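Here is the structure we will look at, set down as structure tokens.
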Amino acid sequence: MSVATALPGLDVERIREDFPILAERVHEKPLVYLDSAASAQKPRVVMDVMARTMEKQYANVHRGLHWLSERCSDAYEGARDRVARFLNAEREEIVFVRNATEAINLVSYTFGHTALEPGNAVAVSQMEHHANLVPWQMLRDARGIELRIVRVTEAGEIDFGDLERVFADRRVKLLAITHMSNVLGTYTPVERLVAFAHAHGAQVLVDGAQAVVHRRVDVRALGVDFYVFSGHKLYGPTGIGVLYGKRTLLQSMPPFLGGGDMIGSVSYERSTWAEPPYRFEAGTPAIVEAIGLGAAIDYIEAIGFDAIATHERVLTDHALRTLSDISGLKIIGNAQDRGGIVAFTLDRIHAHDVATLLDKQGIAVRAGHHCAEPLARRFGVDSTARASFGIYTTRSEIDLLAAGIERLKKVFS
Amino acid sequence: MSVATALPGLDVERIREDFPILAERVHEKPLVYLDSAASAQKPRVVMDVMARTMEKQYANVHRGLHWLSERCSDAYEGARDRVARFLNAEREEIVFVRNATEAINLVSYTFGHTALEPGNAVAVSQMEHHANLVPWQMLRDARGIELRIVRVTEAGEIDFGDLERVFADRRVKLLAITHMSNVLGTYTPVERLVAFAHAHGAQVLVDGAQAVVHRRVDVRALGVDFYVFSGHKLYGPTGIGVLYGKRTLLQSMPPFLGGGDMIGSVSYERSTWAEPPYRFEAGTPAIVEAIGLGAAIDYIEAIGFDAIATHERVLTDHALRTLSDISGLKIIGNAQDRGGIVAFTLDRIHAHDVATLLDKQGIAVRAGHHCAEPLARRFGVDSTARASFGIYTTRSEIDLLAAGIERLKKVFS
Amino acid sequence: MEDTVEDLYQQLIMERARAPHYAGRLVRIDGEAEGDNPMCGDQVHVMFASGDGDVVQEFAHQTRGCAICIASADLLGDVVLGRHLDEITSTVDAFEEMIRTGTRPTRSEFDKLAAFAGVHAYRSRRRCATLAWQAARSAIIRMMEAHHG
Amino acid sequence: MEDTVEDLYQQLIMERARAPHYAGRLVRIDGEAEGDNPMCGDQVHVMFASGDGDVVQEFAHQTRGCAICIASADLLGDVVLGRHLDEITSTVDAFEEMIRTGTRPTRSEFDKLAAFAGVHAYRSRRRCATLAWQAARSAIIRMMEAHHG
């Protein structure tokens, strides 16, 4: 292992061997993948588990009555148990969905339409991904529920003074907030936010799409009412995501999609609903993908979140230091508690050009508003380039990024 | 190739080699998989394409700006082109969803909430899968839209007299109907139904979950307004399905889920929606699964629907003949135009026991109401056992089924 | 389809499914409950007579369903007759546990009941085996509440 | 980052992005249109002067965006000046076709415009290259409608 990649706690070189794509070349250069916040690459074991399921044990789940269906149901329900353990939840509290976006919409269409009333308000922060903003706008427009925005400081942290203001009249009944910003890298203090919201009579949905990748999430300890994430950012398959909801909350919610598997019994006049989580899983689920997600969770828990967090810390510190040294480069946000996502602008060079010219060097970063358009506006930028790190990211990749930026600046000079 | 499996048009033995799971043994017996209507097995090429995508070309799609993302977007959008050609539609008319169930709910939550008005009616048939019944019940209860049921004859065909009655007052604005019953095997005459409904001022949604597997579907020729199906029944992956909607209809519909990728621009006050199909694809889609579905379509089109239809015809005729010879066995439905799904009851033996005792012999059939509870009631049964056929099903497997039924009858005699 | 011990359709189960000992109605009913499984139309109605006391004197069931369902309702009769209500609930717990885990409890009443342990492997059949037992639990809890306030 | 022909950031593009020839506003405007791409904040405003005739006499653009976007708006100027409106729409069609397919048309005005053919490989950058051109098309169609009823 080279010195440059020797990070405490994590044997990055060995981890990289588990990810076949990292050996690919792009434009004849070795791939430097710094876009894990958009979607993470997959370890071999995830692909293998998916293929093996389809080769050996595949059938539709639930009420199959034959051996393949029973085994496939065992694996699918085993994945639910796995996710429940991962979040320290009960299995009945784990609903499989497509992605974090669907999970939030599910809550908006069910809880939002029955537990909230016209005149109530939903609060979100200024640093939400569109996935945690647009569904609430749609709810606002459909039901006369107010949408309030909690400001973010120049450092990119929740403005607690503004939070007080937003909650002052006690009309906010739901705080929907990210656990980690996909632009600023900020971790929000979820326990504190939950205590605050609960004290003000509001429930809390936490968008864990980014945070769950880097930190152990214990939904009981955090006290959240809902927690959502996507499999594909957690080194798992596309097409699968998770909604955690407190058991009593899920039980009180009407169904979202209607169809097979979510019903108790059906007649033309009236249908009765199954208990959670099945009430919220209509139709044939993403069976193979749920099983693949279980394998991804096994994989990262074997590495361990202590090591993952240390690795993220070291990489982020290195990236912040290295990138700040580049003249004309400005990093957006500098929260106290921040993780492996760094968005930046370059003087007089558009983020699109940055991304394309880095790509020409084999370096994959993302550019744009990162599905957080109002946040970009808050910081007075149209778009930023963003580098984000995963368990397979090395210090030398960050050095390559810095060198790549210096090179592309020459094209523009 | 054995005589028993030599069917016109289709080299079943060669096809079987493409499906690794068919070589599995269950309870030490060779697997006889007769549950394809619940979910089909996957050819090797589908697993390979999925794994290869994750190994070589994976990244999040759209606006990625880097090579991997561009190539993965090409593949994902290529899958959309593939589906469009498959249905003879435009690419803008193809929305990727999780499954047929989600597709129907999408139409119900959007078209159902804006194009339909209180006092309008939706008509479904008596032979709908819950996926094409429960969403309309939910719409009825939410919006004061009437739900009308078109009767099915004892043969298991649409009762056109009853259809006239249901449409007589011209309040039906949507006919939501299956293209093939997942219990009776009946194909409905979609062109005739479309002509009838359009003449009565109603639009038509067709549930193609079963039909699309066996017959070439040309949405233009059929004239349907919406057509839905699931990938997993079409030898493709789980977690992916398709909504086809006529371009003008999709354009007139509001979004379903809110989030990334479905917006034009976002501010706190107002967001604008992207054009179809993107308006209806919020969040990270089932990327790898869509690509896998494209491969499944390539696979079956290479075999060809002429051969597939002939094979289905021969198998179904053989099954109907063979099973009718079994004393005490009663087949539900005998439509003129019927395909490879045969549901039956056995005198004094519960369908659950039938399924389990067949399973003990390695034969996978399904038992229950097959998510069509009101239809079972219509035919005066609680549950039936159901054998269903795919491109890999052989005549000798049907003979094994018949022999298996005779054996299990002895246990009960 | 040999009758191995693991086999679901043991002789005992088939006998009781074909000719249940306790099928029918009681004249006097001190406790009863129904259970149904809309998934397959299984329906069960269990009835108990215990006079004023806590010991079950009579039992009957009306069951529509598969062999597993009918036989498990009928074998319930063997277990409850002459037993105290609170003993019965603990047997019901143990039966459900056996179906969930596949492991046969050591208690003597499971000599016969072990016939159902194989249901464990069939997730979708578990409900067939436990339907009557769950109904019995509700009936008995209500009887105990009625007797003891 | 050698300047190969396929390279997106050819000298021509960089020159025009750094120092556009037609940046600014016209005094007299006979046709204009705006285009924007909310995905990245790119904005373009194209302006034409043609007097009473069908030939473009003056052109200017105000563009905020990436190098590709600015340079493509500027090279549009080279193509429109002194040309008939209906010729221009056919060049716009050909330009969009080139971006979509990656194949350079044989028409002579594409000697320079071919610099953009490489954008084809970047699905998410295609809009950057065509933004000004699409705006130009709307402006010109409106001008032709105004002149010819």
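Going by the order they are written in, the chains are A, B, C and D; count residues from 1 in each one.
Going forward, a residue touches a chain if its C-beta (ideal position, glycine included) is under 8 Å from a C-beta of that chain, and two chains touch if they have at least 3 such contacts.
The model shown is predicted, which means the values in this text are computed figures rather than measured ones.
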Chains touching both chain B and chain C: A
Chain B and chain D, separation of their C-alpha mean positions in angstrom: 47
Mean-CA-position distance for chain D and chain C (Å): 80
Intercentroid distance (Cα basis), chain B paired with chain A, Å: 31
For chain D, residues that touch 2 or more chains besides their own: 38-39, 122, 125
Numbers and ranges of chain A residues touching at least 2 other chains: 63-65, 69, 265-266, 352, 356, 367-368, 373
Arrangement of touching chains [line / ring / star / complete / other]: other
Pairwise chain contacts under the document criterion: A-B, A-C, A-D, B-C, B-D
Residues of chain B defined as touching chain A within the complex: 20-21, 24, 26-27, 31, 33, 35, 38-39, 41-42, 46-47, 50-51, 54-60, 63-69, 98-102, 104-105, 108-109, 129-131, 133-135, 137-138, 147, 149, 230, 232, 237-240, 255, 257-263, 265-268, 270-271, 282-289, 352, 355-356, 358-359, 363-368, 371, 373-374, 377
Contact footprint of chain A on chain D as seen in their complex: 1, 7-9, 14, 18, 38-42, 64-69, 122, 125, 128
Residue ranges of chain B touching chain C (in the complex, touch as defined): 349-353, 356-357, 360-361, 367-369, 373, 376, 382-383, 407-408, 411-412
Chain B residues touching chain D - in the complex, by the definition given at the top: 62-65, 69-70, 73-74, 77, 264-266, 272
Interfacial residue positions of chain D with respect to chain B in the complex: 38-39, 121-125
